[in-house]
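For reference, the structures are reproduced in the following blocks.
Two complexes come next, and they have one chain in common, subunit A, joined by subunit B in the first and subunit C in the second.
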Partner chain A sequence: MSKVERIGGNVASYVDDRTGAAKWLRKNLTKVFPDHWSFMLGEIVLYSFIILLLSGTFLTFWFDPSQRDVIYQGSYEPLKNIEMSASYASTLHISFDVRGGLLMRQIHHWAALIFMAGMIAHLMRVFFTGAFRKPREANWLIGVGLVTLGIVEGFLGYSLPDDLLSGTGIRIAEAIIQALPVVGSYLAFFAFGGAFPGHVFIPRIFTVHVLLLPGIFLALITVHLMLVWYQKHTQYPGPGRTEKNVVGYPLMPIYMAKAGGFFFIVFGVTALLGAVASINPIWLYGPYNPGQISAGSQPDFYMGWLDGLVRMAPPIETHAFGHTISWNILIPGLIVPGILFTLMALYPFIESWMTGDKSEHHLLERPRNNPNRTAIGAMSLAFILVVLINGGNDIIATNFHLTINQIMWFTRIGVLVIPPLVFVITKRICLSLQRADREKVLHGRETGRLVMLPHGEFIEVHEELTPEQKFTLTQHPQPAALIVPTTDANGVLNPQGFKGRIRARFSQAHVEQIDAPTESEAKALGGGHH
Partner chain B sequence: MRTVRINSGIKKISRYRRHRFAGPALLVVALISLGATFQVASALPSTNKMETTAQSTLIEEGKQIFARGCSSCHGLNAEGGSIAPSLIGVGAASVDFQVGTGRMPMQDMSQQAMRKQPIYNAEETAALAAYVASLAPGPDVINEAQLTYERDGNTAEGGQLFRTNCAMCHNFAGQGGALSQGKYAPTLMGVEARHIYEALITGPQSMPVFSDKTITPEEKLSIIKWIKAAESEPNLGGASLGRVGPVTEGLLVWTLGLGLLIGIAVWLTAKAR
Partner chain C sequence: MSNELQKFQDPGLPEHVHRKTDLDPKAADRAERQVAILFVLSAISTVVAIYSYIFIPDNQYFFLPVMGDTNAHQLLLGLGMAFALLFIGLGLVLWAKELMPDTEVIAERHEFRSPDEDRADFVRTVKEQASASGLGRRSLIKRTLGLALGISALTPLVLLRDLGPLPKKELEKTSWKKGTRLVTDPGNRPIRPEDLEIGAVAQVLPELVEGQERTLSDIGKDAVLLIRLRPSEFQLDAERLSWTHDGIIAFSKICSHMGCAVALYEQQTKHLLCPCHQSTFDVTRAAKVIFGPSARPLPQLAITVDADGYLVAQQPFTESVGPSYWERSS
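And then the complex of A and B:
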């Protein structure tokens, strides 16, 4: 035993004798995680959150979250001697007079976009593979909460510099608050400490942005990860993978290296973007002034779909009892997003109600093997994409020589027509893919090799799949539709008959699929030769 | 004798004093002398006459170009028609802007005339401008001596004025923006200072007129100075992504940003062969 080993051993025993850490560490450091690229999407989010914490802390050293008036005397010439808020002036100071300040600002903003984009990609993976099913509904709910808070946090973050663009965004947020019936104007006065813009809003959202929301994020992310740890990670189906095991590599040393390395890669990509691509060039926007507005004022992409909804709303208002209800803001700004996020949060429960499936799932589903769910997901994405297009309608109009009115009408109709269309098409594609899987299992893989037989017949050689491949393509359970009895054993009408019929109808739609080939079918064909 | 000779001379002339052509002849002499006197009296501005002649040739030239290239829409006497407005009183500045930036003659009857390579050269444009200006008074072409924005303009103040009056259509960085029904505010990058000034005073297409009472000439120069500064400002934060705000940023993060990260994730989890 070398000297180093002896000292190291002594230190380790000292700690272990007092904490009992060895047993715990041994168990957890050898914990096995499955390996797949799509399982790293969540890591992108986690690492960009860490980058956000670090770069954000750097920015707070110079940022002055105050709306008091100052005269700009920094080094950006086109704004010299202009009256502006201290928060805008200090953001200019960070950008032009603090060493590395602009790079850090850009890293912070790019990391925020990667954070949100990564969350959406991660959410899509979890949804399309059915990872939210029992026992992971709680983690799904936390995830939905994180996305919602992420949107708010991002919005507050880019509102802080108090530039012309962000001020416009706050103005719209104020309008949405005011659109709330009865309490709207009171809430807006409460939030802004009086009439818009006031002088308290930036300091208030600063506290929320750097203290309250990051705190909630930290707590929720911790619980999110602890649940992953405790419930174990899901895995894709395959030979040797069951509902009771996890096939993969141990945390130490494989994932320590992979995850640690990936952190630096995420940091590297973020820094690359921050170094080469301009983001939120606030010096071009100018200081906020309620009397000014720029053409093409857009929010960041995660708010863009909301902006698109508001832009497409027809101008409907009602006046009743001396109150105005602005349906054109209330519906797209609050009601539609509220319904969307509620449905998203409740989806695990809705699906289990439709299928009657109350069992635990640790094996993921291939999206094609659950056509209904995949189609619902694709439909939702189509909806978001259509309204997002309308959110950028002016930029699209000028760049593609279209008219805003055409785009608005395309999206107004499209938002009702395209999602159902996408639903039907996706479902059919999934069923086709299932058919293709069935063909592959029964007749083997088409090799494209043509062979002439002695008697002159040409055949294409089909290569039989390996048993492992066959297993992967046929292992998925195919539950039958729920049968909800409309009458009981004595012929008495079930009091829940109507609800039951609806449920049975949903269930039927949900289980629609192509039968996976059975072993006897495969045997009868002899596999691969025909 | 001398006197006699004189007398005889006068007598000779006076013989014709009652001649029937005497009156008209005297009138001609009087008119010629009057004209000569006037000519001598106004000898100083004699070059002006040459200029007037040149101006009238220019107007004549402009009229000819107008008849060939513009009259089919604007009418033979620029009185306008069902598809094009009357040009009486629009002034030389308007012609210099519309023709000098290639907007006129229009390429097609779309929502809006767009900036393109000018069809007419500087002389032809000047001739057209002179012709249109001769129809009725209107704003004059801005000459270089008036464009002292480098000396008299204030960039920061110009930026303030730009954000208050121009950014709502032309975007915060003068990149242009969309208006309703396919109309648009064009980009201001690469536009000559003269044309910007002329656009301000003539209000082409959807643009309002900014008279000298709304925005003083000095303020106009400040705006031009700010636009020129924005044009030449380097992209301080890296690639500008079009200076159109967050839309292109979102596009980049979903393509390059997430694309790179997912690509690396696939590589990290690929089975070692």
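And then the complex of A and C:
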């Protein structure tokens, strides 16, 4: 028996003596996780969250979240003797007078961007593969909550340094609060302790940024992972993989080593970015002053789409009975994002209503095999991308020699026209891909090899797929459309007929598929040979 | 169902393909050495990071292509740390991929739904408990409990009341009064009309009264932009024209959309542009909105000169400056 084995055995006995958890632990140490690159997206998010906790703690050792006025006396010459808030001065101190401080600031900011980008990528993976279906709806909801909080947390984080750029961002946030009907100016005065910008906002959002939201994140991430653990991970379809099994690698040691190694790789890449790629150089912006601004003021990317929506809003305000309602702020700033996030959160329930599908799903779907869902996802992405373009209209205008007006009108019209177009095109592409799959299964793979037959005819050699490939391309279930009875057993018109007809229509659109080829079809064609 | 039977059958999990390191002890030894090299490289990187932290002064810059002037201390500290982490990660992954058992394992999954009997028991229990609480029958309890819980949520809300003062008329007021001198920002110097050439722009603030301090909240409402045009270029009504002085026109610099500083002035077109959301205002027509999301012109400040020839306000702003809010009347 090797030394490692002996120690391992002793540890196992020690733990069991004190917990009696031998059976449970054994089961979980050999828990099987399926392997696929797209399952690492969520891991990236988890690891960047840990990096954020570590680097963020480092920053709090020097950061002074206060808006008290100080005269800067640090080593950055251009700002010497200039009056600024203590939070801006201490951010300069971290950047120039704490060794490794700038590195940590940049790691923290890059990690935040990776955190958000990773969440979006993970969300897309879950959406397009149908991983959110029963029994995983709760985890989808938690995920949507995490994305929403992530946007808020990121915004608060880059607002803390109190530089000219971030102060402008807070000004805009204040305007959104102020625009709320009835309570707006009260809420704004409570949040800012009086008129904007006041002296209390930075310390207040600091507490939210470093304590309240990270605490909620920790709780939600824990539940999210516990559910993944308990419900077992989904897997991609393939030979040997069914709804009733999980094919993969055991947690110990290989999965642990891979996941642990991946944590170090994510941390390493983030540190590399922090070392070589400058991000948010706040010393170039100067301290915040509500009377000043810099051209090309841009938020971080995950806020950009909101900014783009606000930019494209038509200039509409209602003035009536001595009151003002700013539709130009409320619609793009609250109403449209609110509708989008609500629909996103409810999507699993909407889809299950459309399909009438109440069964458990552990096998993922290839996006092409659910054309309607894929088209809905692509449509939503198109919407976000169009408004994101408008969020950077000033930068795009200067770099591509366009006018802001051109971009604004392109996106104002585009935001209404492009998403539906993308829906239709995506759905057609999915169906075409299904046809291509069908072709491949029935007639084999095009090898690109041309053969001249003895009588002079040229043919391309098709290679028959392996049974594994054929199964993978044809295993997906193809449910029929819901049949919603419009009359009851006695022929009386169903009072819910209208609702039922709408549901049937949605259901029909959702199940539109190309028939998957069957073995008998293949046989009829002569075993797939040409 | 016949269609179902004809589907392509699941051929089952393909046979496991052994790696070279499983079959050839030499390949395994080579993989071990590769992993070890990665770990050693990581250790060396950590030494580089620590060396940089201690021995490279943090004010030493050198030129790098693409990156420009680069701080040597920061760069080497960062690179050392990055590669220390990366090599550990790569080593672990290589170790796992090459040397740890990689046989795919099949674990059974069980439907979450419990056996019918357990399920029925559970549902019955929950039903019994629900009815034992009597909530359905004793509606008085239900309603008063709802009242108590609902109203108790008010306490934490009330406790937040002291976060800030009530807005009262605060959003309508600025420091501008009749006769307040316009002073430069920065510099706090009063301005004469002749200080501004035609086409010039200046940011001004109200002159401070003795002993008064200027806060950022004041600037957030008081900031004003002065622009001088040829008087013939204005297309204003008589009242607004009387608010200008000798071609000098003054607008609140705080955007009527979301409060950003409207700082971009195009001299050729005489347009003011807000860099935040591109609301564009025509200076010659009293800052009328000609593009973008803002729904209102920038408030105009009526100006004139005092006895000493300095620019002063004729009167306070006649409307609230900055973004809209519920109580705003126009």
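Observations
As a convention for this text, the second predicted complex is superposed on the first by the 515 of 530 C-alpha atoms of A that agree within 3 Å, B and C clash if a C-alpha of one lies under 4 Å from a C-alpha of the other, contacts with A are read in each partner's own complex, and residues count from 1 in each chain.
To be clear about the criterion, contacts are C-beta pairs under 8 Å (C-beta built on N, C-alpha and C of every residue); 3 or more make two chains touch, one makes a residue touch a chain.
Small disclaimer: the values here were computed from a predicted structure and weren't measured.
Touch criterion not met for A:Ile339: it reaches neither subunit B nor subunit C.
Once the two complexes are overlaid on the shared chain, A:Trp37 sits against subunit B while remaining clear of subunit C. By the document's definition of touching, neither partner reaches A:Ile459: not subunit B, not subunit C. By the touch criterion defined above, A:Ile404 reaches both subunit B and subunit C. Legend: residue contacts after superposition of the two complexes on their common chain; A:Ile265 is shown touching both subunit B and subunit C. After overlaying the two complexes on the shared chain, residue contacts for A:Phe190 are found with subunit C alone; subunit B is out of touch. Legend: residue contacts after superposition of the two complexes on their common chain; A:Glu468 is shown touching subunit C, with no touch to subunit B. A simple residue count on subunit A separates subunit B from subunit C, and the partner touching more is C. By the touch criterion defined above, A:Asn289 reaches both subunit B and subunit C. Look at A:Ala436: by the touch rule set out above, it reaches neither subunit B nor subunit C.
Once both structures are placed on chain A, subunit A residues 96, 102, 258, 261-262, 265-266, 269, 274-276, 289, 291-297, 393-394, 404-405 are touched by subunit B and, in the other complex, by subunit C.
Only residues 3, 6-14, 53, 58-59, 67, 71, 73-75, 77-79, 81-93, 95-97, 100-102, 104-113, 160-161, 163-167, 170-171, 185, 203, 205, 216-217, 219-223, 253-254, 257-261, 263-264, 275-279, 289, 291-296, 322-330 of subunit C touch subunit A when the two sit together in their complex. Interface residues of subunit A, counted against subunit B in their complex, comprise 35-41, 43-44, 77-82, 95-96, 102, 106, 110, 113-114, 117-118, 121, 164-165, 258, 261-262, 265-266, 269-270, 273-281, 283-286, 289, 291-301, 304, 392-395, 397-398, 401-406.
For subunit A in complex with subunit C, the touching residues are 30-32, 75, 96, 99-100, 102-103, 135, 168, 171-172, 174-176, 178-186, 188-198, 200, 231-232, 239-250, 253-254, 257-258, 260-269, 271-272, 274-276, 288-297, 307, 310-317, 319, 322-326, 328-329, 332, 360, 362, 393-394, 404-405, 408, 441, 467-468, 470-471, 474-475, 516-522. Residue ranges on subunit B touching subunit A, taken from their complex, read 111, 155-156, 159-160, 163-164, 167-173, 175-185, 226, 229-230, 233, 235-241, 243-250, 252-254, 256-258, 260-262, 264-266, 268-269.
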